[in-house]
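Sending over a structure as structure tokens; questions will come in a sec.
Each chain gets a letter, A, B and C, in the order it is written, and its residues are counted from 1.
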Amino acid sequence: MKHFISVNDAGDITQLVLEALMVKKYPFADKELGKNKTLGLIFLNPSLRTRLSTQCAAQNLGMDVIVMNLDKEGWSIETKEGAVMDGSSAEHIKEASAVIGQYCDIIGVRSFPKLLNREEDYSDDVLNKFIQYAGVPVISLESATLHPFQSLADLITINEVWNNRKPETVIRKPKVVLTWAPHPKILPQAVPNSFSEWMLKADVDFVITHPEGYELNEKFTKEAKIIYNQDEALKNADFVYAKNWSSYKEYGKIISQDKNWMITSKKMSFTNNAKFMHCLPVRRNVVVADEVLDGSASIVLQQAKNRIYSAQVVLKKILERYDPH
Amino acid sequence: MKHFISVNDAGDITQLVLEALMVKKYPFADKELGKNKTLGLIFLNPSLRTRLSTQCAAQNLGMDVIVMNLDKEGWSIETKEGAVMDGSSAEHIKEASAVIGQYCDIIGVRSFPKLLNREEDYSDDVLNKFIQYAGVPVISLESATLHPFQSLADLITINEVWNNRKPETVIRKPKVVLTWAPHPKILPQAVPNSFSEWMLKADVDFVITHPEGYELNEKFTKEAKIIYNQDEALKNADFVYAKNWSSYKEYGKIISQDKNWMITSKKMSFTNNAKFMHCLPVRRNVVVADEVLDGSASIVLQQAKNRIYSAQVVLKKILERYDPH
Amino acid sequence: MKHFISVNDAGDITQLVLEALMVKKYPFADKELGKNKTLGLIFLNPSLRTRLSTQCAAQNLGMDVIVMNLDKEGWSIETKEGAVMDGSSAEHIKEASAVIGQYCDIIGVRSFPKLLNREEDYSDDVLNKFIQYAGVPVISLESATLHPFQSLADLITINEVWNNRKPETVIRKPKVVLTWAPHPKILPQAVPNSFSEWMLKADVDFVITHPEGYELNEKFTKEAKIIYNQDEALKNADFVYAKNWSSYKEYGKIISQDKNWMITSKKMSFTNNAKFMHCLPVRRNVVVADEVLDGSASIVLQQAKNRIYSAQVVLKKILERYDPH
């Protein structure tokens, strides 16, 4: 593994999940692997889970970690090729990324979309410039379009839960439903895009449900089954993954705030006793009712915990296969 | 020791001070104790001494430290039970604290009062929610009502000074005077509340002096002697602890800015050659005159230094007695 | 070495560069030297290279590092002697620096000039107060007037390049030209001041070129040759160091934004196939044209990399010669 940007960098994801579970079992087994290696975490947007879990993961591997809020502790970064930099930006991303690459063995980058221009956002310019110029492995801490550490943690969690369930008479795949949910703000599509591309590679039956107009980029949803009726979609679900996103078609628009899409006990009653999943942070009683989030069906904390092992297994594989300097 | 929130969590404080002095003498003796343990320091308010001294303490114990300015690097946190989160808060404290508890073995939290609503502030909601939901030991980095690491450091300092003084003919307790002092801003009562509850358990004669109307919450001052005449109170003092606070009775109000309450050489001349104490940061020539702060009576830097050992002895005891995961 | 503030603290700079190159070759050879030692990095201004490279350097030496953005994470600091602190500043630099000195074995400080009052800026008040009150070694992370880690890294880089060039028939010193370049903002003189004082002690032919009115403080440029015609100055240069600065004479003024001073391929063609240097961040197509910065003559990343070893050799020497507590 060199970079970790999407499911395409993950190799055999079944194998990767198994390795992650080993990492979870013995988190300090590779404490020597990251010795004298530095992970730089570059944030252009706020973060809680990603910031903390990736630090934990790196420290478990014995790495030094340097955290930098480039937007707050540094200065404004220019990204346009050939720009005459006589405005507010003090440094070009070419230099910023190449310089950070001089100091770090692996770089993590968080860069959200602006949700104004679809083409610009979907070019994932900041992340790709880091890959192009940093000269060291780059891992995505959520880009404009994808959030691979989250999706890997989600898959680890589904695996744990599904393998620990009571034995059934029939061997079958779990049914996983990604459902859109209402939200007061304009949110990126990164989490649902990413979850979709991971689920399509995983050994699950995958269904997406959302109001019409919320279709995601087909590059990520491909052959996924889309059902516009949420109640219908939830039937017999084993896992319900709720998430809001803004429209991809009418880019960056909120085209529904329909409260009927909130996940409630009633909605969960349509499922096969499903587990409730969310990447967090979550708006209580908007995306999901307290009764569900505080109930035994919720596995959101297990997902959050698995963010450590999702990051750690990836860092481990990069450290093992790649001698960056 | 599980949590460290108030003097009530400290056990035998004489014993704790003795242990802290041993930690100060051999700061790296327990470098293995914190191995593979992570301390998360969560700041909702600015900090200098607490931030640095607690990091030092944890690193002396071999712990990994993750610092997070939740207010600046994260997002706004909802604390109300049952809230419909369609406003500006992106995450509920239930999830925030529980998630941080997935990544950290011990969590430190700083959360100041808003000084608008007494009942709300004195419920110490943020801190208590962390205790309720984090699932790991929580230590207070100054809450709305108390600042236990400061008070423990103060007690360590008083102990050091008192035990190192020239032998006197009569064995006696030191007289410790907590005096209100003027200040241009509205300040919390956490430091004086906390100092009071620690002094009342310590082997000292404790006196509080302040203008009328500045009475603290009796929960913390209990049987402490209150003298409204500062000059009278300072007589024969061995330690003068100056601090401003806003009114508890007329909650959050400044009811005096009387400059006569500033600690000057003249005021110190009423004492028994007392040492001057302050938790810092201090407003020079408002709370205390330069002549006192820069003079040999000032032990404020010794107090600051002891913040390391106050935090370290507590972390040590938590690590020793509690296996958090 | 106790403090590291200017070239005068560096001792024999030829020897220091040789030691830095050894540190670069074996960066982890002194991993035990910094054990149980803490480096505090105090930023009153933004930073990228300095923040990351100094952390790397310290971690290579086994030190613990604490980073504090005093301006953002702390509060406003008073610097005036005898101030009555009833305004916006919550802490005096006397206490702030002395307290940080209780927690750190070495302190790095970044404090830019305000560029309003020359005398005030050139007193380098913040840095000098830290030296006066911290009680531990202080290293400059760029002060109001000098940037010694940058200059040492620059000298290391010149050394590497000059010693690795193809053998010439005549043994000679390299010609190093510091050239002013246009910029939209009012910038400090710290980098050119510092580069000048280091070059004047180094074994090079040193020339400064700038529009009239941009003469630097003679304290730092001394006997340096100043040529007002840039084309003339660049003739036969082996190294071209571009940098903008605001006027020292008409203090803090921009007296030229003449685009003809930008470094282009044409300008470089006047030189002896010179290498292009800049401390970064750099304004592309304002200070230097893309064609130069992206071409093979540019050694700006090598300079950035050498910031690690510039900091590391200095920290090493301080740790070796000085037992701070």
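Worth pointing out:
Following the convention adopted for this analysis, a residue touches a chain if its C-beta (ideal position, glycine included) is under 8 Å from a C-beta of that chain, and two chains touch if they have at least 3 such contacts.
On a predicted model such as this, the values are computed, not experimentally measured, just so you know.
On superposing C-alpha atoms, the copy chain B sits rotated by 120° relative to chain C, to the nearest 5.
Look at the contact of chain A with chain C and you find different residues on each copy: under half of the numbers used there are shared.
Computed from the mean C-alpha positions, the centre of chain A lies at a distance of 40 Å from the centre of chain C. Shared contact sites, meaning residues of chain A that touch two or more other chains, fall at 72. Remark: chain C residues 36, 38, 40, 64, 66, 68, 70, 72-75, 78, 82-87, 90-92, 94-96, 98-100, 102-104 touch chain B in the complex.
Interface of chain C with chain A (complex): residues 27-28, 31, 43, 46-49, 51-53, 55-56, 59-60, 69, 72, 184, 280-286, 290, 294, 300-301, 304-305, 308.
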